[in-house]
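Structures for review follow.
Heads up, the next two complexes both have chain A, just with different partners, chain B and then chain C.
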Partner chain A sequence: MNRVLRRMLRRPLGALGLLIVTALVVVAVFAPQIAPHDPTRPDFTAILAGPSDVYWLGTDELGRDILSRLIWGARASLQAGLIAVLLAAGIGVPIGLVSGYFRGPLDEYVVMRLTDAMMAFPVIVLALAMTAVLGPSLYTAMIAIGIVYSPIFIRLARAQTLSIRETEYVEAARALGNRHLGIMLKHVLPNIASPLVIQMSVSMATAILVESALSFLGLGVQPPTPSWGSMLRIGTNYMNDAPMISFWPGLAIFIAVLGINLMGDALRDVLDPRN
Partner chain B sequence: MTDATGNLSHSPGTPVLEVRDLVTEFTTDEGRLRAVDGVSFALHAGQTLAVVGESGSGKSVTSLSVMGLLPARIGRIASGSIRLDGRELTGLPERAMRRVRGDDIAMIFQEPMTSLTPVYTVGDQIAEAILTHRDIGRRAARARAIELLDQVGIPEPALRARAYPHQLSGGMRQRVMIAIALSCDPRVLIADEPTTGLDVTIQAQILDLLRRLQRDSGMAILFITHDLGVVAEIADRVLVMYAGRKVEEAGVEALFATPRMPYTVGLMGSTPRPGASARPGAARLRAIRGNIPSPRKLPPGCAFHPRCDHMHEGVCTTALPPLEDAGDGHLVRCARWRDIAGVPS
Partner chain C sequence: MAGFVLRRFLGMIPILFLITIGVFLVMQVLPGDPARMILGQEATPESLAAVRERLGLNQPLHMQYLSWLGNVMTGDLGRSMVDNSPVSRAILSALPVTLQVTGLALVIGLLIGVPAGVIAATSPGRLGDGVATFIGLTCISLPGFWVAILMLYVFSLWLGWLPSSGFVRFTDDPWQSFLHSLMPAIALGLRPAGIFMRLVRSSMVEVMKSDYVRTARAKGLAGHAVILRHGLRTSLIPLVTILSVEFAALLGNVVVIDTIFGLPGFGRLIFNSVLRLDLTMMQSLVLIFALAVIAINLLTDIVYFILDPRIKER
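Up next is the complex of A and B:
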């Protein structure tokens, strides 16, 4: 783990990605300490105000501090990204692993065709349908994104397992009298972990985007809790008078996604056994 | 290496591993095909039986059948019996078979480069193998792993136990594989071309090691190879397979002195022998013409007849010749072995 970290830091873009992600995590975790104002407290004397020494990035339509809302919004976005991806991997990896390990008609005709069907559906539409059923909140958004993203992990875990199950060390493990479950957990899973970790970081970036989109549509985080997506949407109403209300959350989403993607790219290079 | 249960106490009369009329079939898109057809052999404690044949002759399928590791849903033992110390292994439930694998029968493979899991240290992998079958602590297992590494001739075993497979050479890795195979004192070791991927000098070292370990432990070795030079080095008895059938079986000296089956003669003619080419006028290596037939369409009669120099139309092309005893348990499956050898029938 230390070696991976050192090698990532040697790459300028990897180091930048890691820096951005670390900063985001620190901001999200310590939001109550960092935020200069209460993100939900309106200041009716400063509605739609521009940047000032009190409100560094200005205020929104209710006079709430945009910087504080951005800082608190990092929580929703990172949580959504992280939990959605963990859920997706938690559903997808075991299914893909077992399905790819045992093959057979269940793998071929049930698991693969179901993932095909799910992947043929646009992510947002499926997530919309699910939030419509489960009711809008940050948690249903996370669950919806997690379920929608799970076929990617089923596919990836299955494909990797298919190649690992044919290796001689898996045969050797069977010849030693190991159980199938033990072989899957001890011999297959660790050998397919790298691509899965990379996929998780890439998926996390897009999950943040989807969460923002759902919040933008009013199906994610509910007011008055701040989130980048909902801030972006509110900003559209004041595009002519105060375009910066939309600009800041947009920038935050952009930086977060960029940082996670850079980290994922560097992780891919570092974990590639050919390097 | 002899344990208290008396691994060495078996009389030479009862074989450790006895395979009788083994028929292994594979279900493919084009129907069922026989990869192994009626193979029998007996393996005694302390003995090495070499199974020789070209790729596709069924020798590896034979060993997988013994291990119960045929590919699920495709391969199955259609008939025959496999007995370990008199206990029938065919039809044994997977749970019971798992206890046999790695404990009573261990296996080493062709590719030492890829037979070890890349993500664990070799010490952990040996310890893991011990813990699969023995109820001992992790610490004791690790100590035993280092002992085993020492036994298979790895210098500085305590240090090497912490190495990952990619940090070791091919020969070292094969030694680790052997250490894993030996970890539970198996009665039978199946070695599937264990020296094929190694340098000649390393090959000789590995064969020496296997001989020494066999002397110490009394385990029986089923040695699968296509290399007759290796056979001459290590085997007590040799079984020659062709197209899924046993075509010749004899003691190693008898086989090399008087090979009966034209296929065996052909194999010997196509194997380089040290010193042979140095003599003036020495015969060039001769390849056996043609290829091993696909089990999908075996030629009628003797499966070897299309490639055989001694083939007689009507004799070899009609009926499968029986396995005959040519004396002293030298078995041969050839309709014309008497004519070829000049023995009156």
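Up next is the complex of A and C:
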């Protein structure tokens, strides 16, 4: 772990990615301590105000501090990305692992065809349909993204398991009379972990994009809870008077996603045995 | 060739079947009573029963599925639960809009991504490497709806060069039609551009190290000829594969872009159907999205086969 971290830091882009992600996590965790104002408290004396000593990035249509809302918005985005990806991996990895380990008709005709069918639905479209079922909220968005992303992890875990199960050490473990579950957990899972970790970081970046798109459409985080996507949507109503309202949240989404992608890319370079 | 296409097509039937079951079941768990949604809160029990009878809602679930499937197969997608207009008409009117915008987006993605990837692959060194990675990841990380809003501000509100919303059909006025779809297509095309660039770069870097490229160089073939004839051609196959994946992503992103630019495409249709809980419209659209992706996958396999005849079976 330490070695991986050190090798990532040696790459300028990897270091930049780690820096952005660390900053993001710190901001999200310590939002109540960092934010200069209450993100939901309106100030009717300063509606759509420009940057000032009190409100560094200005205020929105209700006079709420944009900087504080951005800081709290990091929470929603990070939470959505993290939980969606953990859910996707939590569903996908066990299914893919077991399916790839035992193979057979159940693997080929049921699991593979089901993932084929699931992957035919564009993420946002399926998430929209699920929002209609479960009602719009951050949790709906997270669950929807998590379920939609699970076939990716089923596929990846299965493909990796297929190659590991043929190795000599797995064969040896089997010859020694180890139970299947033990072999899967002790010998297969640790050896397929790297590509899964890389995929998790890639998926987390797109999950944050999808969550902010859903919130932008009004189907994710509900007001007055601050989120980058919904801030951006409200900003579009004030493009003539206060264009910066929609600039900042978009920039925040971009930097967060870029940071995670840079980290994922460096992780791939470091963890991929071919490099 | 014909045998290959047929085999791929037959292989898709179980997937299509699963998709229809999935779409049907998702719509079944929707809260609310469709009959009450059509008639409103003041409906009498008799009229509710009549509507349920007409829609077949009092039949067992598997019978409802089979009759729905039968209708879909004959092209009857039902009527909107909100305004009772045929769903197929709404879809046919939205189809050219979405095809034009997503098609243009893919073209923009290719026009930016492929040359950028070639340049990145042929400019070696750690600095070139880093710059290429950074630009590629930037394109992938930019939220399309933010880019759309920034462009709207600069090119419509500020400079007044491009129309801010609405759509003109290609058959009515090709030039205006192009102008109306330009910003949506750029907003949609940035992500594919980044992905194509990374893909072309990584596959070309591999190829340029190969023996046959060294041979081509050694026999005195000019630098650009080596790049085009050997390098780029080999990266076409992964490019075709990723093209189909990216098309699926584009179809999803259309929802946000349609909303921003007020385009009367698929995205707006499905978004409105979700807001109004228009069951039949939603059901048909989700099905069509999935069918489109499946069709693109089949097309990809065929192109794949033409590009590389070694792939007989996969």
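The rule is simple: the second predicted complex is superposed on the first by the 274 of 275 C-alpha atoms of A that agree within 3 Å, B and C clash if a C-alpha of one lies under 4 Å from a C-alpha of the other, contacts with A are read in each partner's own complex, and residues count from 1 in each chain.
The definition used in the following text is that a contact is a pair of C-beta atoms (placed from the backbone, for glycine too) under 8 Å apart; a residue touches a chain by one contact, two chains touch by 3 or more.
Computed from a predicted model, the values in this text were never measured in an experiment.
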Side-by-side fit of chain B and chain C on chain A, or clash: fit
Chain B versus chain C as contact partner of A:N240, first or second or both or neither: second
Which superposed partner A:A120 touches (first chain B, second chain C, both, neither): second
Touched partner set for A:A159, first chain B, second chain C, both or neither: neither
Contacts of A:A23 with chain B and chain C, given as first, second, both or neither: neither
Angle at the Cα centre of chain A, taken between the Cα centres of chain B and chain C once the superposition is applied, in steps of 10 degrees: 90
If touched residues of chain A are counted for chain B and for chain C, the larger one: C
Contacts of A:L9 with chain B and chain C, given as first, second, both or neither: neither
First (chain B), second (chain C), both or neither touched by A:A46: neither
Chain B and chain C, minimum CA distance [Å, superposed model]: 16
Chain C contact footprint on chain A (complex, rising order): 12-13, 109, 113-114, 116-118, 120-126, 128-133, 205, 209, 212-213, 216-217, 219, 232, 235-236, 239-240, 243, 246-247, 250-251, 253-254, 257-258, 261-262, 265
Touching residues (chain side chain B, partner chain A) in the complex: 67, 69, 72-73, 98-103, 106-107, 109-111, 114-120, 128-129, 132-133, 177, 180
For the chain A and chain B complex, residues of the former touching the latter: 102, 104, 167-169, 171-179, 186-187, 190-191
Parts of chain C lying in touch with chain A, wherever the complex brings them together: 14-15, 18-19, 22, 26, 29-31, 130, 133-134, 137-138, 140-146, 149-150, 152-153, 157, 248-249, 251-253, 255-256, 259-260, 270-271, 274, 277, 282, 285-286, 289-291, 293-294, 297
